[in-house]
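Here come two complexes built around chain A, the first alongside chain B, the second alongside chain C.
Now for the complex of A and B:
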């Protein structure tokens, strides 16, 4: 009896403590503005902060703030000088000569030199890179000799990137590549300090990371928070207004919203966090100035493991894809104004003159329940099966992914009469399993790395480290090769459309919808935006009050 | 000393109704019946029992009461408030909350029940062995229990669920992997106390086997504390399951337990409060009733409480 009393007293104290804590944070509302701190939710621990190893949005969000490449992109997606202050392109469009800024410095005060870039790119291409070869290395294949070195057939000395002196970098490409300059603003082209040779685990802790971007990492509490502060050695230090950027790691949309509403976050929602989709409508009413929906060039899709029977059979895969009602999915389930996807390349990506999606019709297939049923029956018969073996949809733990999976499982049950399990995994575990092809159907999302359809098309070549479907088609690889060697825009777009058609009609992936970013941002925050790729860019952000 | 004599007139014939007036022996009733009588006097405990029975009954029969099922989506009717069609409203995928809530109650009760049964089986056997044999056997088993007990149980549970596929079996296994220890200790204490009683000695003298002594003499006499512990295990297992579901480690969708339903509803608590209300009320009610009923049972089964 005594114990029960103690417990009840304790719980009352606890309830009271929570209540008062709630009040205290309520009073601190808007605290971010007063000390110029910008607070965002990252949802999970970034799997890596090594620019050569990163493949996911969470990692990129942090890496983009602490490193800077030769170029940067502005809000419109146009290329601006970054660490390179200017560059020349040879007449055949294949040789670039970059002039490195003389005031570019590492966070430890060392100058950033052309040698650093040469070293970093060759490091990213190293087939023996520790802990594993870069999955993004194929993005460097535009450089002459890069592919041969990365695949172990060539020598590192034949990679055509050379530092002439400390401030001059010469790069020779395999073929003229119109988007090469914007490619340079992505993580795989970021420099790393040459000291990483001695310490391959440099990206594992705040105090061993030497970076060259606008911010440096001052604190990293595992699974809890990351703190960035402006880098004093950054050449554009006076343009950086935030005194601090704090990332929290809360993987729950309602908690995130709660934190935003109690003033613990200045930005909540996509791309690195999420808001509860059930509340989109009411949030829009409640915060008309803060609630934003922005279309981004990203695709939400399901991967099918094409190496595992019966998914080796195209008809089975096609049946799964045709039995999903994408309109219902976007209008009734995800609720964020997403666009149903029947192709690979999202709207917002440049084609010849207009957006690619406006120039090339992206409806490569139509949903058809009768056909889906028939295809499933035929496919199973070809595989010598009478019914589909049990399989599951795997996704990383997230409310929205769960809701989408639940809706699709129900569509498959109603339309095809099959029972599918669903299972969620923590982000890092999920990525490992997906890379190891340890799944049947897995959720995936892909955002543009640069403003060109090839950013999506090159994903599914047999040598792409981010392919993950087992799809390997020599014809497709050859098409991509031809695209990379074609500089005539119209012909190039035609080849891209051919490749896209080939991939989508193989039904190795189930395209679901083109993303929108739904987020809340405090109205006094300026200069923070979501770019065309769907990345959050905050390096030049500031609070309005400060300007008055 | 004068002698007193009794005279016949000093005696009066007793009225028939007063025949039994001096009989102080009460009716012979078994210990169980005795406990039942005392339990019946505890109004609150009886009310709890009735509520629990109603919840159990509804958890079984609710699926036949409305034409909906727990897993079919109805995207045209999402987030409906309670109405004559959907008595508890619908969730964000248009699934009927009445069906889901009662299914959740059923799963939660099952988890509680199975966890309690596993605890009972393991706890009684191991506790019985510890208490009866004593000595080195007791030493070794007791140290083992203490080591198991010193590991934070939630950590162990989460670890197990991460390694194994999340399912009801895994949850029950995870909850009972440390859950039986309490039961074992209670049985051990009881058996140690009872094994020195004369009737055990008598049984041993006439050659009763160890298992007969254990199951015919010791365990039945320790039944009171065992049952009370059991009624307390059920709600704590239900709560542990709700907590695991709340962390996303519980039963996997589209199946639902009360914990997962509350977790789902939490995201829209301010907008669609009814999605939270029914499962939350139900889980609170279940826990409360089990606790009150367990309390009542303890009072009823404790011989020292006999008036």
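Now for the complex of A and C:
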């Protein structure tokens, strides 16, 4: 009896402990979404919300909603007027004159002027920018004098961006740049309020941020949530339908799916979140109207170190590429609806009239096992070898990269009879080794910075800091030079296709597939899409019943 | 006693200095830097950044500079999260970790001691076997499996709790249970074995012979002695839970300190790596110190004098 009494006392202690656990903090309950709230998972804290400092997708996602540049891109990737209502281009294609909308306002009510743009671009180029120089400043190097000023060799006064008056901005470029208007819609070209001179830390908290975009930030809880609300001073206020946008920061794909399934998110998955890839098939069945796969203009590929024998031999490299079954890879391994790649430029990038990939056939080679075997034998013979020395595929630690590498090792073993190791490395170590060309075959991925094929083509010039293959071809460099100085679109696309063919047929890289974004979105959400860069655009989104 | 504590604290400071130095050089030895990504920035800009943060200087010079700042209690600003100081990161993240950790500890001590007692008092009976079975499960299943399972059953299937976030009292239930599983199991086993030992000790027999009530024997004589190993365990375990709740925080989307710690390493966020490592070290050392002091109160036989008391 005594014993049971003791047990009951201790039970009460336990119950009390659980109860206090429940009552520890008295914040208000999250509850369900209000009618027009749009809820997305951001996964992590944005490192910065200063347009001049941002370099990552999480930051861009928030910045794209709270700032607006001279132009915006629509769902098709076409340039539309933003803060600039119209513009003229000089005959030589180098000088742009922008007319700033007279009703463009900052969130504090100040007008957005041409002076703000001049100030902001020069600020981003400032080599002494606080807290650190802008990493993406090079995206402004198209402007005359920009590179010299940024690298400390020129004066700020020689940067060719000038506000003639409050509503007229004149910019002169180094060379005619066909995609300059599209570049203007990216964060580095966004304006910041001139008061940031007094407070460079403006973008670190919700209450000090003065913005000019469709939304303003009303709340920011570090590592937990960000809340946006429509900006009443935005010129297009009547087009903004969401009453609130809530970002959570949950960095776990199963948890994110659970949140979506329990109605805590209206959108789950790429680009800022993720869904468990082993559940793609079942999710597609379960939510046929909500499960979406959309291509983004990004390429997943393997680099080959062309400076290390026997990979100096083109036939050896070609054999490796031809012995990969890309259909099997996307349909049985990656499972996200990825598109097998036989070229460099992904679908979704503009050509002359249509997408570049529709205008220029991207199948530069065909998988062929017999040919691969024959090429390998020939290549090895030319190098004086009887069999391929041991080598490894290097990638940064990640489930998907591991699965892809394992599949490819398997294909090479079965198809070519060669043994390949796989080696995963921690991210920073991996990047260091890749940049130092301390690898044989390494994973790589590349996404578009702007909507033009040159964003991919320029990667493999001998001077490119992201080439990492050792591929150096004077003919290729010259082609890229010519592309950069050609403004006639058809001729330019032809040159681009020549360069692409040259690179792919050198087999310095093994294109594997074009990326896709996989996401779940509530069926009643409309007007929210993922653009060519893979950014989620929700500023003009709405709930369907609202429209009726 | 006071002298003992002062001595301990001096040792702690020395250990922290050694730890800070070792971490600094190890960290600098890892390849990579904070300004890397899939897309390389032009070498000129990379160079400007390295100069800005003094990474172009020899490592020993950077080390002297860092230790100098440390002595001024200046831990610096994160290199990835702009304008966020190490103090801010600790303040915002640690609150969550502490709340969860302490709650989990309270729950596990209560539940663990209770289960251990039940087992000991029913020695070799069904309840004993049953609690030990539960304890073995608790020790062997990793907490992320438990966390995911709890989230799925109670969050998605039954919808009793929100699957993520920490916005209301109920939101604490699942993460706290997930965190307390292992320590509960551990404490249950500790309590059981030491209780069994104590119950067969001579002084308990004496107490019984004197005709004391079962409850008095159990609480005043047996439990007080049997709890010693549990106290030893609770201090370091609390520190472990507080500093090691990374995965549970990740699954339940809680912005605790663990997330920052892991990310800081991936990002080569040097200032944050240093600041958080030192902070965690202080927490662990304090937990040991408190445990030592607690001994003195529970067991008068242990005197806190020079060279005794462990740690």
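One rule holds in what follows: the second predicted complex is superposed on the first by the 316 of 548 C-alpha atoms of A that agree within 3 Å, B and C clash if a C-alpha of one lies under 4 Å from a C-alpha of the other, contacts with A are read in each partner's own complex, and residues count from 1 in each chain.
Note that in this section a contact is a pair of C-beta atoms (placed from the backbone, for glycine too) under 8 Å apart; a residue touches a chain by one contact, two chains touch by 3 or more.
Here the structure is a predicted model, which is why all the values come from computation and not from measurement.
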Touching partner for A:465 - first (chain B), second (chain C), both, neither: second
Contacts of A:328 with chain B and chain C, given as first, second, both or neither: first
A:422 touches, of chain B and chain C: first, second, both or neither? first
Residue contacts on chain A - larger count, chain B or chain C: C
Which superposed partner A:254 touches (first chain B, second chain C, both, neither): both
Which superposed partner A:131 touches (first chain B, second chain C, both, neither): second
Which superposed partner A:116 touches (first chain B, second chain C, both, neither): neither
First, second, both or neither for A:144, with chain B first and chain C second: neither
Chain B versus chain C as contact partner of A:221, first or second or both or neither: second
Partner chain in contact with A:277 - chain B first, chain C second, else both or neither: first
Those residues of chain A which chain B touches in one complex and chain C touches in the other: 254
For the chain C and chain A complex, residues of the former touching the latter: 30-33, 35-45, 48-49, 52-53, 77, 80-84, 88, 92-93, 99, 103, 106-107, 110-111, 113-114, 117-118, 121, 148, 151-152, 155-156, 159, 162-173, 176, 213-215, 218-219, 250-253, 255-256, 259-260, 263, 266, 268
Footprint of chain A on chain B - complex, ascending: 71-73, 75-76, 78-79, 92-94, 165-166, 248, 252-254, 266-272
Of chain A, residues touching chain B in the complex: 253-254, 276-279, 282, 328, 332-333, 397, 399, 402-403, 405-407, 409-411, 413-414, 421-424
Chain C-touching residues of chain A, taken from the complex the two chains share: 2-3, 5-7, 10-11, 13-14, 16-18, 20-30, 44-45, 47-48, 50, 53, 55-56, 127, 131-138, 150-152, 201, 203-204, 221-224, 248-252, 254-255, 258-259, 261-262, 264, 426-429, 431-433, 435, 444-446, 449, 465-466
